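Given below, in the form of C-alpha cells, are the structures.
First chain A sits with chain B, and in the next complex the same chain sits with chain C.
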Partner chain A sequence: MKTIIHLDTIEKQFAGSVVVPPFSLSIEEGEFLTLLGPSGCGKTTLLRMIAGFEEPTSGEIYLDGKPLAHVPAYQRDMNMVFQQYALFPHMTVEQNILFGLKMKKVDGAEQKRRLEEVLQYVQLTELRKRTPKQLSGGQQQRVAIARAIINNPKVLLLDEPLGALDYQLRKSLQLELKNLQKNLGITFIYVTHDQEEAMAMSDRIAVMNKGRIEQIASPAEIYNRPQTLFVATFIGENNIFKAEGSCTAVRPEKVKLYPIDTESDKHKKTGRITDVVFLGNLRKIYIRLDGTEMSVLAHQYANEGFDWQVDHQVAIGWSQTDEVVLSC
Partner chain B sequence: MKKRNNALTGFSWLMIVFLYLPIAILILYSFNESRINAVWNGFTWKWYISLFENRQVMQALTNSLTIGLISSILATVLGTAASIGIKHYSLRWRNVVNGLIYLPIVIPEIMLGLALLVLFSQMKMDLGKATLIMAHTTFSIPFVMVIISARLADMGKELEEAAQDLGATPWQTMRYVILPLIMPGIVAGFLMAFTLSLDDFIISFFVAGPNSTTLPLYIYGLVKRGVSPEVNALSTLLIVSTVLLVIVAELFRRKDSKTITY
Partner chain C sequence: MKTKRIKLLALPTLVWMGALFVLPMILMLVLSFLTRGTYGQVVYQFTIDNYIRIFDPLYGLIFWDTLVVAVLTTVFSILCGYPLAYYISRLDKSKQQIWLLLVMIPFWINFLVRSYAWVIILRSQGVVNTLLQWLGIIDEPLTLLYNSGSVLVGMVYTLLPFMVLPIYVSLEQMDHRKLEAAYDLGATPLKAFWHVTLPMTKPGVVTGSILVFVSSIGMFVVPDVMGGAKSALIGNVIQNQFLSARDWPFGSALSIVLMLLSMLLILLYFKATQAGEAKEGSA
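Up next, the complex of A and B:
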C-alpha cells in the first residue's frame, strides 16, 4: 500500500487558541478512513484543511508526495461531499454533475461519456433534468456524490454526508457508500459523529477528541482494545472501574450475572438491580454495587440466563481476558 | 374565526387615508377640466397631452432618464463589486466599514447635497449632467449594497466552496455561481437606484446646472409660478412610474429568496 495523503505535524489555531494540536497521520491509497468524534472535536477543521478551505497554522499536507501548502482548493486533485450537499440551486442535476468537468474544460464528448456513466452509476438518469429543489434528500445526496466522483479524484472527502437523512435511509446508504468506495478504489476520508456509521464502513477509524487523535485503528480494535479512557467511553457502552492510577474497562455484554447463592467463590462483586430496559433483542440491566455508589451495566441477550427483575440481588463476574486496562 | 378589533381596523384605515389622501387628490385634479385646482369641472386628458407637446418637459424627461440610467448602472456595478468584496475580506474593521457605507442612507440629504456641491466647486467642475450622475451614483450605492448584501448573506459560503472544490477558479466561481445566484438582487438594486435617481430633488437641486434640469427640478420650477394642472399631471406620471418600478424591484427581490431556499 502506498501513502496517498500525509499530514506532517499539522497544527491549527483560530485567533490564538489551538483547535488542532500538532500531529502527523498517513492515509493509504484506497483506504476508507473515518474521522470520528463529538462535535467541536476538530474533525471538520481537519477535513477542511485537507480540502484547502482552511490553512494549517504550521505543518505540511502532502497529496501523493507533493506538498499542498501553495495549492489552492480548486487545484487540489480531490473532491468533497458537503454536509448540506451544497448543490447549485440554479442548475439542473446534469449541470451540477458536469460542473467540475466544465471548469476544467474537459473535451465535450468525454464530458458526455462520463456523465452517462456516472448518472447510471448513481441511478439518476431519469432525474437528470430536474433541479435540486425537486429532489428528495436521498436523491440530492446522490447528486452530490455523482458531482464529486465524475472528476475521478484521488481522494474523496465526505463531511457527514448522511447527517441530514432519516435513520432508515442512512442505514441503506451506508452500505451503498461502502460498496461505491470498494468498486471505485478511491480513498475516502469520512467525517462523522455517528459511531455506528464509522463502525459499519471504515477500514480505519481515527477517534478525535479536543483536536487530538486519541486512537487510530480498525473498528474491531477500537472497540475491543481502546487505548484511552475517552475511546473506551465514547465508542459503545462501557463499565469503568477506577482503582489507584489505572482504570479497568469491561463491555456490558461481557458482564455475566449470577444468582447470589451459586458458585459464590467466583463472584467478584454483588449488587442490586435498579433498572431493566427492554430493547427487543437485548435487555440492558443496571446494577448498583453493594456498598458503593457505582452502577454497572450488563447486556443480556434473549434466552440467556434468568428473567432478571428490578430489586433482584445478583452476583457479577467477567473473564479476566475481557478486561481492558487504561491509564487514567 | 378571529374576532376583529374594530378600533384597530378603523385606525389602520385612518392611517391609510392620512398617507394617501394628498396623493389621491393630486392625481384626481390632474384630470380636472378646470385650471383652478379647487373646483371640479369634469374629466379631461388635455393636461397630459399638453405635457407631451411641451419641449421643456420633454427635455427634463430626457435628462432624468439619461441621468437615471447611467447613474443606476454605475451604482449597481460599484455596489455589487463592493458587496462581494466586503463579504470576502474578513476586514478587521468590518462593522465600521459597513456602518460607513450605510451611513449615507440616514444622513440628511441636504447635507449630502451641500457636501457634494462644495466638493465639485473645489474641484472646479462645471455643474451639469456629469455632476448629477456622480451625485446620484453616490447616494444610490448604499441602497444597492443593502439589497445585494442580504442576497449574499443568504447564499452562505458553501456554494462558493463547492465551486472551488470542483475546480472553478475565483473568476469562474464568480461567473458561474455567485453572479447567477445574486442576479435577482442585482436587478432589484438597479431598479431601486433608478427609482431613487428619478425621484431625487434635494441633492439634484444643489448639483444641477444649466441644461441639466431633471423632472423633479422642473416641477419645482413650475410650482414657483403656482400649482397648475400640468404640474399635477407630471407628478402623477412620476408617481405611477415610481410605484411600478418599486413593484418590479420587489418582485425581483422576492424571486431571489425563493430560488435560494432549497
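Up next, the complex of A and C:
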C-alpha cells in the first residue's frame, strides 16, 4: 500500500491557544479513514488544513509525496464535500457539477462525457436542469458528491456530509457512500461525530479528543481493544471498574447475569436491578452493586436467559478475556 | 377576526399615503389635461396639448440627457460602490460599523449645503484649482464646474450610499462556504469572485441600481447648483414649470411622462436581469 497523504508533526494554534497539538499520521491510497470525535475536538480543523483552508502553524502535509505548504486550496488535487453541501444556488445541478472541470479548462467533449457518467452514477440525470433549491436534502447531497468526484481527485474530503439528513436517509446513504468509495478506489477522509456512521463505513477510525488522536485503528479494534479511557467510553457503552492505578472496561453485552445462588465461582459481584429498558431486540438492565454507588449496565438479547425485573437480586460476571485494562 | 385586526396596522400608512400621495397624484394627472391661463392660473378646459408639447425636440433632448446622466450615475455608482462594499464586508465587525457610519454621515448634513461644498471644491478659485496652481501643475484654472462632468460627480457622490448599502447587505448574507467550495473546485480567487460572489450578490446590485437610477432621474438640486444653466435636466425643467413659468399643467404632464418612463425602464431592467438568470439556468 502506498501512502497518499502524510501529516508530518503538524500543529494548529488559534490566537496562541493550541487547537491541534503536534502529531503525525499517514493515510494510505484507497483507504476510508474517519476522523471521529465530539464537536470541538479539532477534526474539522484537521480536515480544513488538509484541504488548504487553514494553514498548519507548524509541520508539513504531503500529498503523494509532495509538500503542500505553498499550494493554495485551488491547486490541490483533492475535493471536499461540505457540511451543508455549499452548492451554488444560482447554477443548475449540471452547472454545479461541471464547475470544477470548467475551472480547469477541461475540453468540452471530455466535460460532457464525464458529466453523463457522473450524473448516471449518482442517479441525477433526470434532475440535471433543476437548481439546488428545487432538490431534497438527499438529492443535494448527491450533487455535492457528484461535483467533487467528477474531478477524479486523489483524495475526497467529507465534512459530516450526512449530518443534515434524517435518520433513515442517513442509513441508506452510508452504504451508498461506502460502495462508492470501494468502486472508485478514491481515498476518503471522512469527518463525523456519529460513531455508528464511523463504524459502518471506515477501514480505519481516528478517534480524536481535544485535538489529539487518542487511537487510530480498525473499527473492531477500536471497539474491542480501546487504548484509552476516552475511547472506551466514547465508542459504544462501557462499564468502567476503577481500581488502584488502573481501570477495567467491560462491554455491557459481555456482562452475564445469574440468579444469586448458582455456580458461585463465576460471580464477580452482586447487586440489585434498578431499571430495565426494553428496546425491541435488546433489553438494557441497570444494576446497582451491593455496598457501592456504582451502576453496571448489562445488555440482554431476546430469548436469552431470565426474565429479569426491577428489584431482583442478581449476581453478575464476565469472562477474563472480555476485560480491557486501561490506565486512568 | 384576527387577520382583520392585523390589517388595522396598515391603516395609518394607508391613510397617510392615500391623502398625501395618491390624491395629489390623481390631481396631477387631472391637471396635466387642463389649460394654462394667460396669467399662469389653471383654466378648467380639457386639452392634450401639454403632452403634444413634450414631443418638441427640445424636451426630447433634455429627456435624453437626463437618461444618459442617470445611466452613467448608476454605472459609476456600481463601479465605485461595489469595491467599497466588498472591502467593508471583509473587515472585522467593529470596523465595519465605523465604515458604514462613514458611508451614511453625509446624509446627516443638509443636501444643499453639501452641494455648495462641492462648488467650493471645484470652482475656478476653489480648493482643487488653487492647489494645482500652487503646485505649478496648471497655469490657468480648469473649468471643473458647471458642465455635465461636474453634475455626474455630484450625482454619484450624493447617491453612492444607496448603492453601497444594498450591495454590502447581500455580501454580508453570502455564505462564505460557497467561496471555499469554489476554491476547492479549482477556481482562483478572481474566478471565484466572477462566477460565485458576483452572481450571488446580484440582488444587491439590482436593488442599488434601481434606487440610484430612480433618484437621479428626478434630481434637480445637483444639476441646479453644480451644473449651471447649460446642463438642465428634466427635474430642473419641471421645477421651472411649477415655480418660474407658472405652467402647472405642462409641469404635471412632464412629471407624469417622467414617471411612466422610469417605471418602464425599471421594468425592462428587471426583465433583463431576470432573463440573464433564466439563461444561466438553462445553459
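By our rule, the second predicted complex is superposed on the first by the 328 of 328 C-alpha atoms of A that agree within 3 Å, B and C clash if a C-alpha of one lies under 4 Å from a C-alpha of the other, contacts with A are read in each partner's own complex, and residues count from 1 in each chain.
By our rule, a contact is a pair of C-beta atoms (placed from the backbone, for glycine too) under 8 Å apart; a residue touches a chain by one contact, two chains touch by 3 or more.
Everything numeric in this text was worked out from a predicted model, so none of it was measured.
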Clash-or-fit label for the pair chain B, chain C on chain A: clash
Touched partner set for A:132, first chain B, second chain C, both or neither: first
Which of chain B and chain C A:278 touches, first, second, both or neither: neither
Touched partner set for A:79, first chain B, second chain C, both or neither: both
Contacts of A:51 with chain B and chain C, given as first, second, both or neither: both
Contacts of A:88 with chain B and chain C, given as first, second, both or neither: both
Touched partner set for A:167, first chain B, second chain C, both or neither: neither
Residues on chain A lying within both footprints (that of chain B and that of chain C): 51-53, 72-75, 79-80, 82, 84, 86-90, 99-100, 103-104, 147-148, 151
Touching residues on chain C, where the partner in the complex is chain A: 175, 177-178, 180-189, 191-192, 195-196, 199-200, 202, 277, 280-283
Touching residues (chain side chain A, partner chain B) in the complex: 51-53, 72-75, 79-80, 82, 84, 86-90, 99-100, 103-104, 132-133, 147-148, 151
Residues on chain A engaged by chain C in the complex (per definition of touch): 51-53, 72-75, 79-80, 82-84, 86-92, 95, 99-100, 103-104, 129, 131, 147-148, 151
Complex contact set, residues of chain B against chain A: 158-159, 161-170, 172, 176-177, 180-181, 259-260, 262
